[in-house]
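The same subunit A turns up in both complexes below, where it pairs with subunit B and then with subunit C.
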Partner chain A sequence: MTLFINPIFWGIAISVYLLLLMRFPGRLIFRFGLFNLIALTILLGWKISLGALGFVLLTWSAINLITSLKNKSSSASRSLATLGFFLFLFFLFLLHKFNLANSEFSAQLKQTAPWLPAEILLPFFVTLSFSYIFVRCIDLAHSCIWKNAPLVDPISLMGYLVPFHMLVAGPVNIYDEHMRANERPSSAMTPVRVLLVINEITTGLFYKFVLAEGIRIYFYGLNGNISVTGWFDSLILVVYVFFDFAGYSRIARGLGLFYGIPTPVNFNAPFLATSVTDFWTRWHMSMGQFVRRNLFTPIQLQLVRRVGVKWAATASIVTMAISFSFVGLWHRMSWTWFLWGVAMGALMAVEKFVQTFLITKKWDRSGIAKIAIDSLGRVYVLLLIILSAYFVANEVFPI
Partner chain B sequence: MSDKLLDLDQLNKLTDIFRVLFNRPDLELSDNLSAKDVPGWDSFNHVNLIINIEEEFSVRFSNDEVGGMQNVGNLKALLASKLP
Partner chain C sequence: MNEERLLPTLKNKARFTFWETTALLTWILVKLTLLASMINKGAVEFIYAGF
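Coming up: the complex of A and B.
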């Protein structure tokens, strides 16, 4: 987050906008991709930019190969190439996670595989949030391989996969929406857009540097870190993470609006959620939508088609557990996060039964019953999120 | 997607599926009706709704069609395009 108090970052952010205003040849996403590459190089150095560009070129080549095999070869060779691409992607994801978890990993990797350009690869994986690049790659593959969306050139793809304004913590932008940026009229500023941009960026900065950091400094001191030893710490952690993450997301969205590059809304008053299911449609929304699009709906459809509607409820427990265990492992490769995901999935499946019961009894309609249920629901969600934060912050089941 | 429309019988069958699944005997299917307007129409029940429609009308939707439906109008148009 120190990125946002770096004057160079803001100088670059404004320069990118001014460059986008100029009538350079090429479509908006190409010009953004090009200026984004320059911005990354200035901000993070040539090694990281080169690592990122190399990764984007590899991804582009792989998707290009898979889509070109569609018309020329048998479906077996295309399936094999698709599987190879996903294995490669998963291998890089594991590399990223192990590198984050183990400070000795870099030295160990150099010993095990001296031929690997670790100087280029590792800074790229550490500095950039590869977890987000990983999910964007899945969305890209989904769109191009299964939905026949056109694959853009590598420079434009760089702007989608590694956008400099979404470097630290996403959000998860959608490939199809990124492509649609070209269809929009000019990127000239209207008064309404100026106000929206200013509102998003200033609110984001206020969330992060006044509220999140203010809370941390008040309770843990100027240089203190939040250490979760009790339930109150857990509450502070939840509030801190909200203002930190939502603040960052709003700054990224403001910059996206500034450039005309789609950057999704990531939070919608999550503490007003009346169930955990509702909470996950309001917190880190872009990730929730990614999971629904790429995991939950396809798996649930296949499962229910196989077992029949009669077993839909059982199928949904399995699907939710699979989908949320992915989310857990995406956060961190540990038993704690895996079990956190399974528990969240199971809990949401249970909530489904409760919701069906309330609808049957008509208690979900307006009236005192609804007010009472919603109020209790908000307390239940807050308590559960505090409990889950305690659980994961302490790595209850370390590897 | 084609410009075909559902006939009255098909529309009644579709309405019945919604009414039973969401336990709303008085529900009317306007084109603008979407998940936010119907309590219980979440991602769980969206899949159940689709499977019910697939079984009733003997059609099949793709994953992307299922994920891309914004409202009842979309669903009706997509269903009509799949019926003979």
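Coming up: the complex of A and C.
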């Protein structure tokens, strides 16, 4: 699917901005949700758009039911409904992930579960990049069910769960922020702001279509696919993915700034990271924040409550491994990615101990020692990322 | 690599000077020209991995 070099996409993107400028009744997130639905219909066709609306309505009804049970009924029925919702969501996610990992999955599913409309469902998930919708649903459920955030109407929810400008590669937006989106997209658009937003979008286009595509065409040819057979390929892949992903993210961010719809920053100079922990606060930042919000902090709290503060460090290692194994499986449902996640979690746990050691020795403060440690850290992170890309590359870019 | 580091002062300004505006517009134009040249060469929107 061509999106960001498609003139129709940019026509729609500008139209959505102009429509948001007009003072139609309703909150900004409702109006954005409505225009987003129209944009999706033009871009992807009415069937996909209707399917997406159906999914959003289903999610909205489930969350609405669970939150209303909280007010009236017993906690058992609420827990049951919550479990049912998460199982259903996870089932759809598994279908999508198995489909991405195995080209024969659709045919296999037709044989084992003929009652499931696999030929409609699986391409639908691929078109909408369901992995992103899945994590947004978790964020929504966490906010509404456990943090008592109000549930917005289904049209506004459509703008949060399936935003047309974040369709291809996220970022993972935050429900609490989306819900509180203020009403200043048009009125605060000064010439300076417009120029900066255009700069953000053109930088994204430059990253994706000039730098990333330039790298791909130079090394693998105009119609060539990326393949990793050696360490140098792995290095090229890391640089390519950075410009590709950061490019998409910046275009989405620029459009989000135009509309006044919260669209998180996704990259912050990741190759300057001095540790793996630091790297994951700079690379795909919105995913890192999602994991911290919805997995790491709640699991860590629960574990420490059960085992006591004395075991907090051990609990932190376990939580880190659980959280990052989720990140691994989110990329691809495979053992390689699972082990990748566990290894990343374990590395970060080790880094915590090293950091504590450096602090006790006061090496983290003094000038020369700090410069040396930071420089070594940057080399270590780069080598480690190249190494990890080498092991997982073939699952994303089959040779 | 990260343009935001090069533009921290511009981001907090309410107004741009003539030279700041010219520089930013030129940079935008350079990016768009290079983009057009890549598309003319046949660059496509290569999506490497479905998520």
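Here is the rule we go by: the second predicted complex is superposed on the first by the 370 of 399 C-alpha atoms of A that agree within 3 Å, B and C clash if a C-alpha of one lies under 4 Å from a C-alpha of the other, contacts with A are read in each partner's own complex, and residues count from 1 in each chain.
Everything below uses one rule, namely that a contact is a pair of C-beta atoms (placed from the backbone, for glycine too) under 8 Å apart; a residue touches a chain by one contact, two chains touch by 3 or more.
None of these values were measured; they are calculated from a predicted model.
Of the two partner chains, subunit C is the only one that A:T190 touches; subunit B does not reach it. Of the two partner chains, subunit C is the only one that A:F209 touches; subunit B does not reach it. Touch counts on subunit A: comparing subunit C and subunit B, the chain ahead is C. Touch criterion not met for A:D374: it reaches neither subunit B nor subunit C. In the superposition on chain A, contact is made by A:S129 with subunit C only, not with subunit B. In the overlay built on the shared chain, the residue A:E177 is in contact with neither subunit B nor subunit C. When the shared chain is aligned, subunit B comes close enough to touch A:T360, but subunit C does not.
Shared-chain residue A:R305: touches subunit B; no touch with subunit C. With the contact threshold set out at the top, not one residue of subunit A is in contact with subunit B in one structure and with subunit C in the other. Partner subunit B is touched in their complex by these residues of subunit A: 146-147, 277, 292-293, 296-298, 300-301, 304-305, 309, 312, 316, 352, 355-356, 359-360, 364. By the touch criterion given at the top, residues 1-6, 100, 126, 129, 131-132, 168-170, 190, 192, 195-196, 198-199, 202-203, 205-206, 208-210, 213-214, 216-217, 222, 226, 241, 244, 267-269, 271, 331, 396-397 of subunit A touch subunit C in their complex. Within the complex formed with subunit A, the residues of subunit B that make contact are 22-23, 39-40, 42-44, 46-48, 50-52, 54-55, 63-64, 66-67. Looking at the complex, you find that subunit C touches subunit A at residues 1-5, 7, 10-11, 13-16, 21, 24-25, 27-28, 31-32, 34-35, 38-39, 41-51.
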